[in-house]
Amino acid sequence: MRYSSFTPYDIVLLLQGLGVSVGLFLATSLIGLLLGTVWAVIRYYRVPGLWQLMSFLAELLKNSPVLVQLFLVFFGFPAFFRVNMTPVEAATLTLSLNTAAFVYVIAVSAVESVGRDQIEAARVFGLSRWQVLRHVIGPQASAFAVGPLVALLVNQLQVTSLISVIGVVDLTKVGNILNLRTLKPFIVWTVVGLLYYAAAKLIAMLGTRLENRLRAHSAWKGL
Amino acid sequence: MRFDLSILWPHLPFLWKGAVLSAEVCLLAIIGSVVLGALVAIARTSSAKPLRWLALAYVDLFRNVPFLVQLFFFYYGLPELGIYIDAFTTGVIALSIAGGAFASDAIRSGILAIEPGIIEAAEVSGLSRRVIFTRIVLPIALRTAIRPLGAVLVNMILTSSILSAITLNELTGSGRIVASDTFRPFEVYAVLLVFYAALTYAVSIAVNLLHVRLNRGISQDVA
Amino acid sequence: MLKAENVRKVFGSTVVLDGVNLSVQPGEVVSILGSSGSGKSTLIRCINGLEKLDGGRITVDEFDVSKPRELAEARKRSGTVFQLFNLYPHMTALQNITLAPIQVLQQPKAEAERKARALLAQVGLGDRGDAYPAQLSGGQRQRVGICRALAMEPRYLLLDEVTSALDPEMTADVLGILADLARGGTTMVFVTHEIEFARQISNRIVFLDKGKLVVDLPTAAFFSAKGGMAVPRIAQFLSKMRKD
């Protein structure tokens, strides 16, 4: 490819890449949050066999490189299960599961942060396990979990950059394209880096706001 | 398709070489991270405002930009400055800088946790600031920071897989080659995933043992 | 001579030391008494340069602790033993003691260690040189703390309630060592609540009250009915301390 300098259209390209990154981030975070919470509930009910499997899977996903997980899903699944898999599908599946694993771990420790005695007291009053979860554990555990969850999300946004390696045209891939075309790595990667930085700061800011609101809410209820 | 690990057998020596390369990169980079982290921690606890600000900016920036983008910045950017280094060195530098941002936090909390009286005792005995820092503050801070620094190392092992994106054939890079040679990506990446998880698990156990050993003298219980 | 002239120290809006004058001659043992919060620790911390003065002057053998260039020299001449020992937790007893002699006095390592072992033997810890602080009892830790201060061969030993974190038996051990030092001619400035002990070893006793040094008398005079006991604050303080 012949190299050429920047064009105004490159801004559109960068914004498109950012859109893909943020879009995939939002989608996989949402799925991951739901899935991770479901895992945690399965553990809460101690569904036999299933919850040990969940814990094991979560540990495996948490302690292995996301890149290897991506390769396993994108290259391994089609070869082994004979299924078709587009880069976006593989990215969505992998990142959702990966986020879910971390959400699960956070949720479990959040539930554990609520004292046993509180839970037992509530059970003595005749609340069902579900009522205890909803009215006693839920509010306290979620106040506990917001901080770690926000940190997780800021991290997961950065993790999305890996999907460029399997060919999703996200912000990092756009950076690659511009880098090859213009041969101006410093400018390209600085701009790409700053866009990620701004997005991360935005997530952190929204997260802190949410956290403060939840804190204020539970404090007010406590009075 | 049958899950058949025996096809990997002939490729084990090659994968092993990749694993050794990963280990070398991580070992050098964790040393680099701790050195850099210690320097940044000093800067962050220093009384000079510009120095504090600079250190904080470094930590904030490198924690909020994806590692892959940082890596491309160095890999493509340094040659533009006339600095030609191989993928291995680039990887070690990039990992050290990214890890240093996290290590500095761990070391900084280690420094802040030191009893002020201990430093006062050193001051009144006439020790110079340099000696107080190198012989008392840093050794104590590093000992108390062993666990969080271990977490930095675990993270680094996982992150080092990304170096395959700049053609370094560490473990994940070697895995890609084996996967395309054998047409068995599922088996290859499944094995890598489990291997990384087992390795990081072993590393965290080793770190815990090291923590116990190094802090024998520091813990307050009387023997 | 260790000399404090008209020393003033304020924290925020509270005056903690208010025109304190004190001089200690080589060979003297001076005890500082006073109720809690009267400024005893602050005075010690001013002498070893841990607190900046807000007025007045402190000199250790003519070296002014407020002058950065002279502080190092002043600190070489005084040694401090702390209430909470403040040993370096990652070093053995021996390393705690030899660090400053090697680094500050440039003693060869072997010589510093030989002297440190002799000091440890003197305080009854001859065999514990390789133990870490966490492996020692409180009384043993404080004895190491005393050795650490003595290893610098200070002209003046500053001690701030060095036994108040110890149980009675350990207190007796440590006080015994201090009495030996006093008899051996070590100059000491001694903050304590152990009135009887102060009476036995001190040449002079000074009394701090709300930051003011109200009495500075030879020991016998301090405890006589016409001397210190004539001051209502002191009589009250002493009777309260004796009851405890």
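Things to note:
For clarity, chains are labelled A, B and C in written order, and residue numbers in each chain start from 1.
By definition in this document, a residue touches a chain if its C-beta (ideal position, glycine included) is under 8 Å from a C-beta of that chain, and two chains touch if they have at least 3 such contacts.
Molecules present, by chain and UniProt name: A, B = Amino acid ABC transporter permease; C = Amino acid ABC transporter ATP-binding protein.
Computed from a prediction, not measured in an experiment: that's the story for all the values here.
Because contacts link the chains only in sequence, without closing, their graph is best described as a line. Closest chain to the protein centre (all Cα atoms averaged), using per-chain Cα means: B. Ranking every chain by how far its Cα centroid lies from the centroid of chain C, the top place goes to A. Separating the centre of chain A from that of chain B, both taken as means of CA atoms, is a distance of 23 Å. Averaged C-alpha coordinates give centres for chain B and chain C that are 46 Å from one another. Rounded to whole angstrom, the centroid-to-centroid distance between chain A and chain C, based on C-alpha atoms, equals 59 Å. On the side of chain B, the complex with chain C involves touching residues 115, 117-118, 120-128, 131, 135-136, 139-140, 143, 216-223. Put simply, chain C touches chain B in their complex at residues 48-50, 72, 75-76, 78-80, 82, 84, 86-92, 99-100, 103-104, 132-137, 148-149, 152.
Interface of chain A with chain B (complex): residues 59-60, 63-69, 71-72, 75-77, 79-82, 154, 158-162, 164-165, 172, 175-176, 179, 185-186, 189-190, 192-193, 196-197, 200-201.
Across the complex, chain B meets chain A through its residues 1, 3, 61, 64-70, 72-73, 76-77, 80, 154, 158-159, 161-162, 164-165, 172, 175-176, 179, 183-190, 192-194, 196-197, 200-201.
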